[in-house]
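Letters A, B, C and D name the chains as they come in the text, with residue numbers starting at 1 for each one.
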Amino acid sequence: MSVDLERTVSITVNGVPREATVPVRRLLSDALRHDLGLTGTHVGCEHGVCGACTVLVDGEPMRSCLLLAVQVDGRSVTTVEGLARDDGRGGQLLHPVQEAFRECHALQCGFCTPGFLTTIAAGLDARDNSVDITDDEVDELVGGNLCRCTGYANIKKAVRHAAATMKDPR
Amino acid sequence: MNLDGGAVLHADPEKVWSVITDPAVLARTIPGCESLEQVGDDSYKMQVSVGVGAIRGSYAGEVRLSDKEHPTSYVMHASGAGAPGNVRATVTIGLAPTGEGTALTYSADAVVGGPVAGVGQRMMTGVAKRMAGQFFKAIDDELTGAVVRIAAAPSAEVRGVETAPAEAPRVFAGNAAAQPSLSPDVQTVLLGVGIGGLLTALGVALGYLLGRRR
Amino acid sequence: MKPAPFRYADPGTLDEALAVLSHEGAGAKVLAGGQSLLPLLSMRLAAPTTLVDINRVPGLDTVEATGDGVRVGALVRHNALLRDVAAARVQPLLARATANVAHPAIRNRGTTVGSIAHADPSGEMTSVLALTDGSVTVATPSGTSDVGWRDLFVGPLETSLHGPAVVTSAFFPALPARSGTAFAEVARRKGDYAVCGAAVVLTLDDSRRVSSVRAAYLSVGLVPEVHDLTDAVAGKPVDSADWAAAGALARGLVEPDSDLHASADYRRHLVGVLTERTLAAAAAEAGTRR
Amino acid sequence: MTTKLFGEPVRRREDVRLTTGRGRYLDDIGHTALAAAFVRSPHAHARIVDIDVEAALDVEGLVAIYTYEDLTGRMAEPLPVLIPHPQLHAPRTGYPLANGVVRHVGEPVAMVVATDRYIAEDVCDRIVVTYDELPVVVGVDAAVAAAATVHDDVPDNVSAHHLQETGDVEAALRGAENTLSFTQYVERSASTPMEGKGVHARWDADDKSLRVYSSTQASTSVRAAIAAKLELSLDRVEVIAPDVGGGFGVKIVHPWPEELLVPMAAIALGQEVKWSEDRREHFISAAHERQQKQEITVGFDDDGRITALDAHIWHDNGAYTPYGIIIPIITATQLVGPYVIPVYRARVESMYTNTVIVTPYRGAGRPQACYAMERTMDRIADKLGLDRAEVRRRNLIQPDQFPYDQQLIFQDGRPVIYDSGNYQGLLEKLTALVGWDDVAGLRADAESRGRLLGAGMALYVEGTGPGPYEGGHVQVLGSGKVLVSTGLTSQGQGHETAFAQIVATELGVPIEDVEVTTGDTRRFGYAVGTFASRAAVMSGNAIALAARGVREKALRIAADVLEADATDLEIDEGVVQVKGTPGTGVPLRTLAVLSNPLRYAFDEAAQQATQFAGPGDASLPPVAVGDAPGLEHIDYYSPVRSTFASGAHAVIVEIDPATWEIEIVKYAVVHDCGTMINPMIVEGQVHGGVAQGVGGALYERMAYDADGQLQNASFMDFLMPYASEVPAVVIDHQVTKSPLNPLGIKGAGEAGVIPGTAAIASAIEDATGRRIASMPISPTELYDLMRDENAERTARGTGVLT
């Protein structure tokens, strides 16, 4: 049984296998940002309250500041950079919630935005979008992240907008 | 932060006196006491290792005594510093005979600083009281012979101490008992209240506040 | 706010975990969900020498619901328990309380057993374990044993467990027949730990009269508190019982402290309010449960 | 694709990068940089006896440790007093690193530079600082009592006595039909942007030049401060504000110690150095605002019309005064609001305390001013048994009184003259929007549900867009791209979009061709900064003027080419043509090439241009006297004084009389910021401001204990609202153009936060019948208040208790 100060971890980040050798104390948020260069994930409090650093671990939203990089060895991580999908024509197809945030002015400084986008995208992808989203669902999806700019009104609006577009993809 | 409390010790003041001046007793009863040494008239240095679960810190403490009204009251100026924060306390102690034995009262005014102050302070009063209570129960059990000489707790085992009776889980009796320069003086009781209680409170309070969501 | 250095092991079996814990000594700390421990590490308020991550240990991630009760494995995340229909049927308090634990992203990682092992008197699950008279199963190098909640909780964040030990599961006895439960808390922000919380179990006799009322409270003491409030409403018909009387009784039984968010008086007052409200809800449920 | 975009809800151009993780914030820059961390004081007031670094020296990865002893030249001097004022008689500032004494918890004592932040913090843990503690002053009352002092040479703890008066207020009060006096408090909150501060510095030893990135609201001023303090020539220093994760005021202060120390270390070490403030640092070392004690005496006639108002205010300015007395001035001058106050006096005592410095947080003294004035209106109504809306209506400045001179001197040193407004209109729209006349019915309905209901309102006038100036540069390239730059910075306000809308409209080009840069001293060297709701007013107008300059030049060149009179030309979709004859014109990109006599055919544009190039007059120089090559123009906007926006908020609260939890069931806003460049963005600003207002009224406070320890230095206990705590907001607009500037706009950035505390206090008072004289208020405080036999009751105070 090895007890280590440093480890090499293999993480599939946004579909791409990545490897990094990190001290075991390295937070996942720092590993993503500084070891793997994915700075879309932001660090707002480092004690798990603000949610700016939220990423998807095997599809589930988690605080990357409350995980050690070594704990996701072998797991799959999705960051805000990975929410868009290839459109098959060499371009990128944004996740509906990314489009909705732009359409509804759901961000101002944009610092908390990645945490909202990952959390909401996972929530909408997981639900049956043929049924209308309820206010309670919206509140649950936006309720765990802090934003200082928007007052949340347009973020809630964007969630409803995204859910609607996912209901009938044109 | 203000911390007031007291304890009734079931023995007359003379008995209390003799017991609480026994270094071995103090060594096993001061919470987390690792070392205690006299560095001058009425001044002591002390090392305590306190905390709960993962939240354990080693604190260096200093104590100075003043306004001595031997043997009924005096004032202790205690301070300690460790990674989680620092504490400075002024504790007024009173001893008085009662029908049951001896009534000890303490009144502490403590200032807590450093990282812990921003997240743990509001919890400390209750916890410090609890630690002080543990200390006096330990003392009183010594007085009434209620100490059951059980095998040492694991936390003591870790330190390779087999002889130490352990009243509370974190009484590292052996460490303090091993100290040669203990001052046989009632004043060291106060260390238990001041340093032991307050510093332990730090550690406990931290975890209490931060340990919400696991 | 970055953790101080520590060593890390992620054993693949329980025996390995216990072996590492024994070998690493008092400075070693078990890491399960880590949603409390990581902030402590980043604030450098805790500095364990070694983290023993049990997330790779197999067999600890199941919820077993039987007629007797619900056994929750050490790696069951809050959200998994929240969604477990069978568990909710056997002991409705589990889901009701878990829904109040922080926010979804935290519940996706944090574990129910971890929060119990954390012995936080503000924690929802510590109070539920206490109210249901539950226990935990503890594995040590010298064997496995069950520890009842009364023996487990010693103080805030303080359990009676010492030395190398892993809490492998928690057991919550089933809700008795003709009984109802409810959970309610007052928090400053949704998802914050409660300023005050109450969980109750109320049981009726065959003639739908109150035969037993027990309540547990969050954030009013240094350890989870369970109080028997039966005397206030014993024998009263469920539809006309005076729940306020039970609330008044409860107010007299608690000794809360003041802090930044609530005075001791306000907390005591809330104990009464929440007792009354949860009992009304529990009574409604008890009336419907055979 | 349209070019007539001014006033349209154009979607933000920033969002393309910000929603895909491609923003570039401070900590995203320089992954190879060394990391800085700070040892900060754990004591509120102490003498530094010793700093022992011995135990830290063997930490692998340690690069350097700096203390005050290592500071030389101007770095060893106190930090500057940015805005001196004759009434600031005892200004005091700290040092980049503490010089012998610390005066608040969190004051930097030592800087550590290491290979990464983890290691830098390891080093900080091993540095042992010995302190000799000194008596602590916390709160305005303790500061006034002056049992202890923050600065030895300021025995009364008073940094400034600020006075504004318009007549003999005491005589006027003696002559008043009615008077009343009261005292009230406001507690501290803070900007608390989601991104903390941060600085990255890179020194080019060959070029002897320094590039600094800072998460700042004032890059040009940070540049000047660094050049001065590090004794570098200004041309050797460039400062860039990258994407900034919110500011709200705290990032306008400059230079923060770290903005000097990090570049100092980068130069000394010849390596990139970066400091990213963490959340704990932000709580204990970044600025706070709001704490005031207010004593108000008002005289009024039997109709409720104010005849005299005397405000005596004690303002907590923290341990130092780097930002002068801007907040006291704003409170004193904005307190009068939309009302006619025949005789007015405001005295503000700015007090030192052993706490974090106090500098503007969104609203900057206005929420306190509004709280003083609007709660006065509520008390007059209560005293006379009048409707609160009616009392306000009777005191409003009338539409025909503009421009209205309040005879006060504003923060910019210019008179407080309201340029335009329609306050009656605001009040009418507000009462309709919130349903003011239906409150009685709502109250009855709520009580039938066992809940208490109350309503409150607050009006404000906000001086916005203070000078002295901002500038704009607009340049058309041969590619057709239009480059726009201005010196002030952006923290999420959508400047890239709003300014592009202005240029697209003024210049008649597709917005897609416009590229806006802000806060980059390489692009624009003269600027004041982003604060006081001034960006749209100042840079917006400057950019509009610059665009008009480019338009004029384009038409002049095109007139030659097209052999037409410039007055017959128009620009449409980026093409200059004779009015009403599409297809006959010259593209701007071509005119851009033509504007430069030196014309190598590097590209297609140049080749195309040659066909238009006339022979020219051989008797004249290629570049005419007074002309310049290039299709570009720089212009500045410098107003004679500020323009005054206004608004009115109303709120309806429901209170659970058992738990005393307070729920906002309706929040209505009527807002007048003159012409709106982009109403979508304006509404976003209002939403965000209201959320901060609600936070400051019901959740947020900086809870210092008597020892100067901030007890809630984390997001666990500093209760910034989640979505669950912020109510839905209904908004109505009124547009009263400003006559002062070309675009007719007024500032909109801060407005939303200003009336929150006043309106919510009023609503809670209305619901409970208990006087609310201290804000913010929490359920436990409300419970204690309801329990308090001596608590003051309002006239309609029901004293409902369960």
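For the reader, a short list of remarks on this structure follows.
One rule holds in what follows: a residue touches a chain if its C-beta (ideal position, glycine included) is under 8 Å from a C-beta of that chain, and two chains touch if they have at least 3 such contacts.
These figures come from a predicted structure and were not determined experimentally.
Shared contact partners of subunit A and subunit C are D.
Looking at subunit A and subunit D, the chains in contact with each of them are C. The chain pair with more C-beta contacts between its two chains, of B-D and B-C, is B-C. Chain centres here are Cα means. That of subunit A falls 48 Å from that of subunit B. We define each chain's centre as the mean of its Cα atoms; on that basis subunit B and subunit D are separated by 50 Å. Averaging Cα coordinates per chain places subunit B and subunit C 31 Å apart. In terms of their C-alpha centroids, the spacing between subunit C and subunit D amounts to 45 Å. Across the assembly, subunit C contributes residues 1-5, 34-35, 39, 43-44, 102, 106, 190-191, 260 that each touch 2 or more other chains.
The set of subunit B residues touching two or more other chains comprises 83, 115, 119, 122, 210, 212-213.
Within subunit D, residues 118, 125, 278-280, 711-712, 714, 716-717, 722, 724 each touch two or more of the remaining chains. Pairwise chain contacts present here: A-C, A-D, B-C, B-D, C-D [touch as defined].
Subunit C contributes residues 1-5, 43-44, 186, 188-192, 195, 260-263, 265-266, 269-270, 273 to its touches with subunit D in the complex. By the touch criterion given at the top, residues 42-43, 105, 125, 133, 280, 283-284, 705, 707, 709-714, 716-717 of subunit D touch subunit B in their complex.
Listing the residues of subunit A that touch subunit C in their complex gives 1-5, 7, 23-25, 27, 30, 46-48, 51, 54, 57, 60-63, 65-68, 70-71, 119, 140, 143-144. The touching residues of subunit B, when paired with subunit C in their complex, are 52-57, 83-84, 115-116, 119-120, 122-123, 125-127, 130, 153-155, 157-158, 169, 204-208, 210-214.
Residue ranges on subunit B touching subunit D, taken from their complex, read 1, 83, 85-86, 88, 111-115, 117-119, 121-122, 209-210, 212.
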